[in-house]
Structures are given as structure tokens and as C-alpha cells.
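Okay, got some structures for you below.
Note that chain A is present in both complexes that follow, paired respectively with chain B and with chain C.
Take a look at the complex of A and B:
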């Protein structure tokens, strides 16, 4: 290990640990990855962790307790670059599908009753950028191996990573799949960040939107199209919000202002 | 009072710690603290259509993703009165074999083994145990490959759906898996050999009437799903009655809920499956089970690692037949729901133990969702073991670091999945 190896920390908050698992799933590259970088902290993978200055912090998961918030701020302070990995870190994930509906306390009580949990105070899950500056988002549920490895290789070489900017539809066209929307079925492809290889439409299944919102998404066009096809407005909104988290909250509010759900 | 901490339990999935609180020389308590934040998934899926629920719930855990998918689909199919086509059943069996190989090889070789050999991680073992680390990665990759072929993706594949599959795996991919499984049986057997050669530390003596629970797989097979639950004391009951023993309760130090059976802690996982269904094994896995199973398994959770290793051999040996059967059948159409209102419980063996998804549907929407994860069932048992172990180690005058390592090894032996449980050592000396 040379002195110039970038110092990396991998952290996980509220989520499924799938993005950290995808790093471990790079079976053919993981040994090189640990060799080319200095992995200072990766609690899921090793015991000898050192918390200090980092060149890059890779952070998975949403923030849903006071304890996590404190830890995230502390990681931010000692990291040159902080990258959100995965849908939960980028947008809040499925646990943020009802973000801002004002009913979080009710849901919490239904699960835990009035029992006192002293370990930390919990709140509705939100993505990292609700609390700290995030330098880059690598989306995915989970992240894609290749996109992750390419991004880290670029960072190690001191270059800026490039991520696919188009929605799932572009990759779906490349694969020459028949458009699922043409059959009148809900497909979140037009709203969803690409990079997964349009895996669900390639299995004759609609995109569920798990990579989170794409850039410049047109929610009302999708909404109107599906309404025309006879979909129940409430169901359309549930499906848009399923993995959209903070990325669709305002867009859905706009839709509702324009009379959606009626 | 003094406290001994393991603030962040390494090499497990999710965010947990262990706290041991001591009053003088007496161990006051040992707790497995679950810091992982709550997600309230069961509440969030209320009002959703079944198809949306089965997209969301596997996100509870990446390592058990297909177990969650399968348990949810099973629960939903019962609630909707759907009998899945035979080819769907067989393809689901195949995907579960993949997840079992992947997760068991990750846990045994890459997460647990470093403890036994005195390394901080598997990567740190690379120079001294090059072949074994590479073998572990190879096994894990093969498991992932099977998951990808069947579910569409390594993690969170959407291909398994209610009533069948989006697209059944192709014959060529199945042929390749079959061919590779033959090649890899010696690799799987090596994992057993390795764990059988280790000196398994015994940290505690537990009651001899401790029980282990698992499903009873259909047709008296050894497999990873079933509608009947076996208890190692000889009792059995329908999976629908799961609430009778998973009477969940909330504790202050954790966002995970807890379970007990007859007021006693119990264990689920690979050792429970082998204790309850080991006699159903055949082939080399049966020989290995006969050779290595003994009474120590019943009193020491650390034998779970060896049980997981034997399961890898079982899964590997099951692959050729599973691939042949799936390949021999035509693709059936997806089965459609027969009703919109009803309830159902899906029980599945995740790599770390029995997982239940129970749903009550009303007019085609989720009214109630109840998900009981294996780690939530094991938490009380882990704490019970750790307390006995801490008492013994402190009585023997062990140093704090040794106590910490011992407790971490116990916790890790259960292969806890803290993300799943949400909803680990601090030693406090008073």
C-alpha cells in the first residue's frame, strides 16, 4: 500500500445493507479494490476499523435516528468527498415513500406501541442530502457493480466519475423490448434513473422505479397517460412514491394541486 | 458500575452493538443493541396492492432478499387463493439454493472464519489462506449467479412474481449451472472440512431442553420452505399459528422486536434445520451430517457455522436435479388470483432461520402485514447465551478484550441480520 492510496470509508445507515453487499459482491475485483485503496473503515466487512480523515466516504442508507444524524455529520466533517450510494441514501428509499404526510407518529405507534425505546430517538427516514452536503449520488437498489467500480476507479485516478443520465427507457430501447406502457400497464421506466440495464422490462415485467427519480422527470405526463389507460389515481401515486422518496414529494404535491386523486 | 462495549459489531449485516453491564463481579445484563433505525415497512405497505408489496418487502434485507420475496409471494398466494404452477415452485426452489450457497459461504468463510483464525477480516487472511479465501469468493459468486439467473438480479431481483415468474430461466443457463455444480462439490466439501477441523470454543452451558425451530419442507424433503413448523422437542404446528410462539414484544435497547416459545428463548437457523430435518438428507451431505452431528450442537450456537457449511454441500448436490426439472418443463402462464379478500402466511427458511410473512387482504389491498424475521426470533437466545458466557469468562478472570471477542463470536455465530430484525458488545461495570 503506497502513501498515496486514497483513504476510503464505507458506512451504512437505515436500509437493507444491499449497497455494501454489492461491494462485497465484486468477487473478482474486491481484492484489488482493497489493494488500490486504503479501506479505513468498513464495519460490515472487517473488524480493524479506524475513524479518521477520509478522501472518500461511501455512505449507504437513509437517516432515521438522532444517533445516525450525529454520526453522518461527523463523517461529513472528516471526508473530502461524500458519496451517497443507493436509493435510500440518495432519496430516502421505500421507508420514505410517505415522506411528509404527517402520519409518521401514528405508524411508529402502531409498530412499537407506547413502549419506551431509549437507544435513540427515531424520526421519519430522509436521504443524506436533507442533512449534509452530498458530493455525488450513485443510485441503485442496489447499486450496479460496474457503475460502482467505474466510479471508484475514476476517483482513485483523481478523475470525476460519469454516470448514466438517461431514464430506464433508453436502455430498454437498446434491448429492443416492447414498451410495457403500450399494453396499458404501469411502468415506472420513464420516471426512473437508468443504469440497471432495464432489467425488469427485459423479464417482461414493468419497471418498479427502484433506482429513484431520473433527472428532469415528467411526472404529470406519466400520470395522465396512466389515467387515460384507466388506472386509479391513488394507485398511480402510490406506485410513483414507492421508491421515489424525497425526489418526488414536490412533484406529487403539484399533481395533487392540479386535482389528482379525484 | 462498569460497562464493556462493542459499540459497532463488525462483520454482520446492519448496525448493532453489545453492552455488558457489570455490578461488581456480577453480570447484571448483556444486551444486543439494535441501533439500526426503524423503517415501519409493515405500516407502509398497508393499502398497497399485493404486487407493490412484493416489490417493497425484499428491501428489508439485501442478504435475505429472495427469502423475503419468496415468503411474501407465498403469503400473498395463500391470501389470494393461488396455486402456483409446478414450474414456478421448482424455479423458486432453485433460487433458494442459490441464496443459501451465497449467504452461507459469505457468513462462514468471510465473516465468521476470521474470528477462529485470529484475523480482523477475510481480506487480511488472503496471504496465509489464499486458496480458501478465493474458494469462498468462488462459492459466493456461484450462489449470486444462480440468484441472478432465477430472480433477474444478484440483489433485489423482481423476476419472481405472485403466480409465477416474469421470465423462466433458459435451458442454456440451467445447463451451465448444472455443469458447474458438479465441479464445485469439492469446494463446498472443503468448507465443511475446514470448520470441522477448527476448535469450536464453548463459552456457555445452556439448558439441555433448549428448543430449535424450522419449517418442515414438503414431501419429507430437506428444503427451505414449508407450511408446517417443527420444534426440536417433537412438537409441530401449522405455520399459520406462528403468532403463538413469536409473541413479539418491545425492549428499550433495540428497534428490533423479540420472541419467546413457552417463555423460553429458542433458536432458528441452519443448525435448527439440520437438527430437525438432517435425517432427510441424502448424498454426501447426509454422510457429512452423520459424521459431524453430535449433542454439542444442541448446547453451543457456534456449531451453526458447521451446519451452514453442510448446507452448502446439500445445496450444491441438489442443483443438478433442480436444474433438470426446471429445464424439462414448458413455461406456464402466470396464475391469477381467485379472490380479493383473504389471509395467508408464508414461511420460508432464510439462511439465518425461519421467516414469516403474514398478510390480510381486503378488496385486493393489504389490510394487515406482519413480518417476523429470523434474527428477531434469535435475539433473546443470543442475549441468553452471551450472558452465560460473560458470567463464565469473567469468573475465569478473562481480560475485557477476550470477553468482547467471545461475545462477538457468539453473536456472529447466529449470522444475525440486523436490518431484517429492525423493527450488537458494550460491557458496563458498575
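Take a look at the complex of A and C:
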């Protein structure tokens, strides 16, 4: 491509690096991706990296240390568009499943005891948008190749990417799967952003919610339904929070105010 | 319209000959779930199943498809690559559902994608055995007089076969030897008996008379808020409803080019995003407003415009919604001003 190719940087924080790996796993399109864009920095993929002004920063992982926070802010400053990739960057990920319960210090002590950690001060993991402006979220655990490539293709063409906002149930019905909730099993489909192709329910496995919350989830309806089906209230809330992170903190608080769990 | 008679045992031979026209599709059941699938013949079909989860709208208006390819110069329609299909085993409610789709997609604004698929699809109906979720008696869709190419009514030893179109007649003529025009007194008696039997099968408690008035009276009813508390906003009701037809349109581009496709996929007014307009305003931000829209559209507005409800009583919402929000429970709740457990 010409000099107008967008400059892209790919970064990772607290997470499994699976989203960056998924970018590299775009085998058929990887050459096109590197051709259509100018990948300035992608530590997992190459050694020749240059940190400077970017058109698009793709950032994976949640933020859990002072050092990461400094780095994130620095990336934000030199990027026109910052995109959170993966559920950890978007909502905090499983490491944020207890976000805001006030017991972070206890958990930290339980794991690290009195060991002196000198590298960087750690804090409770939170998604990127707890600290900087995030222009777009591409969730997933990991992200979906097609959704990622479609988004990047639109950006390169100077258009707004479109991501499905509806729940997993949309594509699940397209695949003519019987609703798992009807059989009294926990399925996070109605709470979870779709776009994954309803891959788990299509293999008769309930959705665990790994793409994070939709923009319109009715947590109390799901809670009440599952409670009626005999689920333990605490287990329901734990499952809702597993990948919900910052997206369900307030909703679960409301639920508890109404008398759930405790 | 013409009614012929065929021996039950001749159906496999008839379907075999019909396959010369196009692919044969029919209801098949796997793990208690019924779906329209491509089949070789009658032996693979399950004609006793009451309903498929997804109605036959999926053939005329697929869940997701590409409308056209575009580049800087213009666009090329993706029409022409739709296979010719024969759908066998459609129940009267399914055919009524397609008649409603026809109104929406073929009348005022003819949709070329729907029109092409409709043109390349033959609809072969089959009589059904109602279960406790069937509500077609309340929507006047338990029998059907138009919209099909052929309709087979099972009278134990024989089929009475309604010929509803010249294309249906063409299929008959391919095996004219299997059909007879000699209908006698017994056929009339058997058919009358069948209608009586079918009408006696309905167990669902539903009465939709006066619904437009009830909806008007109940516009501000707290029942909508109560239902909204239960609603998961999963959108399954729209996917399985034979008359839900809303869609979203998105462009996809090839990486590094401005070439791409314009795709269309099933959407639902139950989703929050559905009623967001430019500038970010949402006309139906509240879940209760969205529920009210869905049911008002089916049971009030459509009647006002077309003289019949946009509900064909198939019972798919009843068998699908995990929290029991469906045509039966909503109409009852609105009438009784109480949301049932």
C-alpha cells in the first residue's frame, strides 16, 4: 500500500495474549493485514518496533499495575483511535470478576503473603476504559478473527466498523439450536454480546459469557429464571460475574439490593 | 382450485418425481428438535411433528445473506444463484405466515431477493396434528385456502390434494397416474369428519377477540412494565415468529480495498439497538416499550392495516420463550391486568 496506510500498534497488558495470538492466527489474511497497514509496533510478532504516533492502537488485557497504567496513558496520547481487543481489555476479564467487592487487599495477601513486590505496584484489575477513553471495544475470549478483520478492513477504508450488539441468542436461533435455558441449564447467552456464531450452544454447551455483556442485559430476569429452576443464588451471581467484569458490577449491586444472595 | 385424491402409499413416488423440479426439503427431527432439511425422500421426513423451531421464512428470507457486491464503479446483484426448492409438509399456519410475508415483501415495495426465492420455491402443504401450544383456531389460520402450490390432507387411507397453482398442477401432471378426480360421497364425509376432529384437538386457552380494543385500552398499563422485568431481551421470539420480518443491513469491505458486500440479516425490535437513530436517540429505550411494540404490531396495528392479526397461531413463541412471554400469556395478562406466574 501507499504512504497513506494507517499506522497501527498492537499492545498487551494483563491477559493471556490470546487476542494478539488470534491476530497472528489470521493465516489467510495476515499478509494482507501487514500490507494494508503499517504495523509500527507488535512485540509478539516482530522485533523491529517503533513507538511513535499511531492511527490505531489495538490494546489487549486489563490494567493491573502502575507501570501498565503509565504505558496505557502514553499509548492513548499518541493514538488517534484506541481499540480494546478481548474481554479483559473491554470489561476486565475473569481477573475482574470480583471487581468492587472491597476485598482485593485480602485476596492479594492470600496469594502473595508478605512477599515484597518491587517491580510495580499492583492494583485490582480493571478494563481500559476505567482509565482512558476507549473508542471501540472488540470483545471476545479470544476475539473472533472475522469480527476483527471486518473491523480493521472498515477502519482502513475510512468507514465505521459495525459490531453486532445483540446477544448470543440471535445467531443461536439462526443455527436452530434448542434454547438451553428451556432445559433448566445455566446459559449466559441472553446476557452476552453475540458475534461468536453461538459456537458453544451449537455444540450443546451453554454459553459462559466469555464475550462480556451486551448493551442491554436483563440480569435480574436471568437471575430469577435460574433461581426458579433451582440454582443456588450465589452460583448464579458468580457465573454472571465471571466474564461480566465492569459491565455487571452495578447490575449485580442492584440485584443484591433487591434481596438476592447474601 | 381443484381437489384430487391420491393413495397414501403413492406419496413417495410422487415426491420422487417432483424432485425433477428442484431440491426436496421437509421437516426432519433430531434429538426432539424439528427443522426443515434437505431430504432424499419421504422416509427421512417427520410428518407427525407439530412445528419446526424456525418457520419456513428461512428459505424466502435467510437469516443472513449477501444482497450485492460493490466496488468503486458500482454494484452487482447477487441474484440468480438461488436453488429451486420444493418445501413439503408446510402446515396451514406456515402458509398463512408466508402469505403475510408476501404482503410485506411483494406488494408496495417489491423486494427482489424475497421475490426471487419465492419464485424458485414451491410450497406443498400438509395437514397437521395440533398440540396444546397451537393457537391457530384463535387467529383463523387453522385451515388454508390459498398460498400453496399443493396441499395434502391426510385422510388415513387417502390424501385429498388441493391444487392451488398451475405450478402445483405441473407437478401433478408429471405423475398424473397417481391422482384421481373421482371423489365420492365418502370423501366428503371423511373430510367433514377430519375438520371436526382437528377442531376438537385444540387445548390452548386463548381468545383474541377484541384485542385491538384491549391494546388501545391497555396502552399505559403497568402490565408492560411487569412483563419487561421478566423479559431477557434475547430476541428468540422474533427469530421463531413466522411473521417477524425486520432486518439490519451492513456493508463489509475487503481488507485494503473499497470492494465488498452489502449483507442483510434478521434483527428484532426487542433489541435496544434496533430503535437507535442518528444522533444516538432511542425511541424505545425502555424494554417495556419494545415489548409493547412487538405485541401491538402483531395483535392491533396489523389488524388495523390488513384486517387480520400478524399472528398465525403457530405456537412457536410459546415453545421458545424461556420466561413464558408469548401471544397467549401477553394477551391474557393484558385482559386480566395481571401477569401470570
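Brief remarks on what is shown
Heads up, the rule we're going with is that the second predicted complex is superposed on the first by the 260 of 262 C-alpha atoms of A that agree within 3 Å, B and C clash if a C-alpha of one lies under 4 Å from a C-alpha of the other, contacts with A are read in each partner's own complex, and residues count from 1 in each chain.
Basically, a contact is a pair of C-beta atoms (placed from the backbone, for glycine too) under 8 Å apart; a residue touches a chain by one contact, two chains touch by 3 or more.
Keep in mind that what you see is a predicted model, and the values were worked out from it rather than measured.
With chain A as the common reference, the superposed partners chain B and chain C fit together side by side. Shared-chain residue A:173: touches chain C; no touch with chain B.
Of the two partner chains placed around the shared chain by superposition, chain B is the only one that A:18 touches, whereas chain C remains out of contact. In the superposition on chain A, A:165 makes contact with chain C only, not with chain B. By the touch criterion defined above, A:46 lies against chain B but remains apart from chain C after alignment on the C-alpha atoms of chain A. When chain B and chain C are set side by side, the one touching more residues of chain A is B.
No C-alpha atom of chain B lies closer than 13 Å to one of chain C in the superposed arrangement.
By the touch rule above, chain A contacts chain C in their complex via residues 1, 29, 32-33, 35-36, 149-150, 152-154, 156-157, 159, 162, 165-167, 169-170, 173-174, 176, 178-179, 181-182, 189-190, 214-218, 220-222, 224-225. For chain C in complex with chain A, the residues that touch the partner chain are 31-33, 35, 53-54, 63-64, 229-236, 239-240, 250-258, 260, 266-268, 271-273, 287, 320, 322-323.
Partner chain B is touched in their complex by these residues of chain A: 12-19, 21-22, 24-25, 27-28, 30-31, 34, 43-49, 62-65, 67-68, 93-95, 97-98, 104, 107-108, 110-113, 115-120, 122, 125, 141-142, 145, 196, 199-200, 202-205, 208, 210, 235, 238-239, 242. Chain B meets chain A in the complex at residues 8-15, 33-44, 47-49, 52, 55-56, 59-63, 65, 106, 110, 114, 120-124, 126, 137-138, 140-141, 144, 152-159, 161, 165-167, 249-255, 419, 422-423.
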